[in-house]
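First, the structure itself, so that you have it in front of you.
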Amino acid sequence: MLFDIVSANSAPLPSEPWWRVFYDFSSLTQSINTSLNDAMSPFWTTVTEMLIIGVLFLLFYAVVGLFLVYAERKVCAFMQNRLGPNRVGPFGIFQTIADLVKLLFVELIPIKNADSFLFNLAPFIVIIAGFMALAAIPFAMGLHAIDLNIGVLYVIAVSAMGVIGVLLAGWSSNNKYSLIGAMRSGAQIVSYELSVGLSIITIVILAGSMQLSEIVEAQRAGWFIFRGHIPAFIAFIIFLISSTAETNRGPFDLAEAESELTAGYHTEYSGIKFAFFFLAEYMNMFIVASIAATVFLGGWMPFHVGNWVGFNIIMDFIPPFFWYIGKTFFVIFLMMWFKWTFPRLRIDQLLTLEWKFLLPINLVNVLIMAFIVLMGWHF
Amino acid sequence: MRSIINYLKEIVFGVWSLMKGMKVTGSYFFRPGTIVTQKYPNNRKDLVMFDRFKGEVVMPHNEKNEHKCTGCGICEINCPNGSIEIISKSIVTEDGKKKRAIDKHIYRLGMCTFCALCVKTCPSNAIAFAQGFEHAVFNRALLIKTLNKPGSQLMKGVE
Amino acid sequence: MEEKVKNITTDEQQEYVINMGPQHPSTHGVLRLVVSLKGEIVKNVQPHIGYIHRGIEKMCESITYPQIIHLTDRMDYLSAHINNEAVCLSVEKALEVDIPDRVKVIRTIMSELTRIQSHQLWWASFGMDLGGLTCFFYGLRDREKILDIFEETCGSRMIVSYNCPGGLMYDIHPNFQKRVKDFIKYFRKILPEYDQLLTGNVIFHERSKGIGKLSLKDAISYGITGPSGRASGFSCDVRKHEPYSAYDRIIFKEILFTEGDTYHRYVARIEEMWESMNIIEQLIDNIPDGPFAVKMKPIIKLPEGEYYQRVETARGELGVYIISDGNKNPYRVKFRSPNFVNLSVLNQIASGFKIADLVAIGGSLDLVIPDIDR
């Protein structure tokens, strides 16, 4: 069932260039679907497909999470003029795995007077929010768990759910630092959701669709960040800033400001529960970056320059999945660069930035974009 | 109007100042040659400490197993922490005189603060600083060291 | 009865009291701040000290004067050399010995190097307090170069024990001048990078300007010295007003501001690093020849009386007050430590601001906890 939706939407058209047929994943997913359908009833087919997707995402989540932790440590080390992890394996690539193994063995400390149900629930909510957002992201042509026709809205809505986990964690920990951290996080996400939504709406106006696969398809002639003139670029910058804030990272990591609140909302967590929060932070970063890559930078679309036929053909040789991963990691690198350069904002300045700067600029930006689209001035 | 211009100016100035900071970190990111980290346990072989480095107090012995310590106890008096203890004995010299000599020069590394008062005040320059710094041991008793080697003698000509 | 008690909620009971420290990343040591909050706003800060009290003043009464040096090293470990110099100067003052010029110049150079490395570490940790972790590594990276200079000449990196009553423990290393000159050349290039990374940053401006204002009146009445006091306009540089060692023969300016907020306390320290480099450059080529120490008696006994010497450490004015009864041990030693005094103003300037500001203000006062407790 799930694969059906995918294949129906991105079936190759006859006029498609060769690479689109060659790199299309929908034939693979379709063949799996048919073979499963032959073997069992439609109900069990759906269940099996869901299981396969679930396991694949679990693996993907773990691999990407671990890799991002390693990448962050290496990037920040190089920016800080040091080597970073270099003991476990060549260049320390197994460092995060070693850390994970250690975290698995760490005792889960029960907190006195904590609301133990909510305390245990919180890390799962944070993780589940990440998982759900992952479902709608187009990784490559036809590689899509579920292609909702309101994909953008779904991703924004679901990824904002993580804050409930953060709030619960802070509330149930019976720790004053945690509570302050959670409250900060709540205030922060409520305000920055607005900017994230508006900056994406700027692009939705340009694309004329909320379906992520269609947004990607619409960028075949050129990425939206180039096609939408200055408004698209401003929207991209605003999206970067506000999504960094939404993931509690970089200069906006007030919820876990270690110099003020020791570790903020996850002060009391240990072992694998802490690892969940830790992984979720990196996964949220990945999701946010992949939305940025999909909506602004053309998703898995190769980089094409107008009439340079030779150049375009060379670009076509690179598989779409690598385009997508490359763009995502570029955005992630930008976010790491922010984090390791800037000092942290204060809570009132954080809200000032949102309500006095980002929101007005965003509103004007949406207006300009709508005008440009109306007049047909975009490329 | 002016307020709008100021508002825009504020934004441009802010973004510009942030870019300057990013330039610094970015430039280091793309110049890994400037990294100063030393991979310590790997470079143990060619790691040379400065010759004045105060690693631990030692008593140099010559090849005939002779040292210069007369057992006068000045280092013991000067040590602020009592990390030096001198146990002396009386020996009979060749010409039949009784003389005080050192039996054990006990040095407690765990208590030493490396103030160098003992080395500086030693009248016969019998003790000196060595450059070794890997002092970690599993038993506290191992930090109590006897500086004079067993069977060592006072060097000829040192009073 | 109990029900009734529970229902009465006074303002005090509504306050949200959090303990910052003794183990907290922002207190730079074992300082405990009991902070009363209303929302995010700090109502009251109560520092609780004594977690690293070692009784240095009492210990001094049972040891001889040269041995005091190794204890003062451990008071304000970031300006160890300057602390030692204060003790040596007061002992020398009491004995009325003439110190050779060479000793004076070397002591001055070493003091200024100590000041630079202390300010580097402060810059590093202040950046970290504000959330810019990269500052921490840049600061420590450059500090390492000064520590290498110390290690080569003094034998140890931080707790140098290089002074002794009557002069220095040993002469400077032959490489000393070259290394110092190299460092100055290097650091003159690096210091503008600090400005680009933090001083000019708009987030930093927002975080520090107008935060934790300390008026000149308060600065004087609390006795806030060092860069923190000078940022408020309190001209309190001992090097200028009561020159010791070689400070009377060099030209330098006292960094003074009038605003007295976190930003100017910050700028005062950055400017002091520039000024310290100027001082070193004036002296490094003109180290006079001569002995590196005066021959002192093996057992130093101060004549009966009271002696006071003050010096300018990296954090403010350090006073050493020795009462001698003519023995080889002092009768009483009292240190007027700058950090203890500077801490006392924290509640005055931090209340009314937010928690994040409290951290920034605490960082800008540049507290070293072992110096507070002694």
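So that you can tell them apart, the chains are marked A, B and C in the order they are listed, and the count of residues begins at 1 in each.
The rule is simple: a contact is a pair of C-beta atoms (placed from the backbone, for glycine too) under 8 Å apart; a residue touches a chain by one contact, two chains touch by 3 or more.
All of these numbers come straight from a predicted model, not from anything done at the bench.
**Student:** Kindly work out which chain lies most centrally, taking the average of its C-alpha atoms as its position.
**Tutor:** C
**Student:** Is the C-beta contact count larger for B-C or for A-B?
**Tutor:** B-C
**Student:** How many angstrom lie between the centres of chain A and chain C, each centre taken as the mean Cα position?
**Tutor:** Computed from C-alpha means, the inter-chain centre distance equals 46 Å.
**Student:** Which whole number of Å gives the spacing of the CA centres of chain B and chain C?
**Tutor:** Centres of chain B and chain C (C-alpha means) sit 25 Å apart.
**Student:** Can you work out the whole-Å distance between the CA centroids of chain A and chain B?
**Tutor:** 52
**Student:** Two or more other chains in contact with one residue: find those residues in chain B.
**Tutor:** Residues 18, 21, 24-25, 36 of chain B touch two or more partner chains.
**Student:** What are the residue numbers in chain C that touch two or more other chains?
**Tutor:** Residues 134, 141, 197-198, 201, 203 of chain C touch two or more partner chains.
**Student:** Indicate the residues of chain A shared as contacts by at least two other chains.
**Tutor:** Residues 79-82, 340-342.
**Student:** Inside the complex, what are the residues of chain B that reach chain C?
**Tutor:** Chain B reaches chain C through residues 13-14, 17-18, 20-21, 23-25, 36, 50, 52-54, 74, 78, 80, 113-117, 120-121, 129.
**Student:** If we count contacts the way the header does, which residues on chain A are in touch with chain C in the complex?
**Tutor:** 76, 79-82, 176-177, 180, 251, 253-254, 257-262, 340-349
**Student:** If we count contacts the way the header does, which residues on chain C are in touch with chain B in the complex?
**Tutor:** Those residues of chain C that touch chain B are 63-64, 66-67, 69-71, 73, 134, 141, 144, 151-156, 159, 161, 164, 169-170, 173, 193, 196-198, 200-203, 205, 298.
**Student:** Going by the contact rule at the top, pick out the chain B residues touching chain A in the complex.
**Tutor:** By the definition above, chain B touches chain A via 11, 18, 21-22, 24-26, 28-29, 32, 34-37, 39.
**Student:** Tell me, which parts of chain A touch chain B in their complex?
**Tutor:** 75, 78-83, 86, 337-338, 340-342, 357, 361
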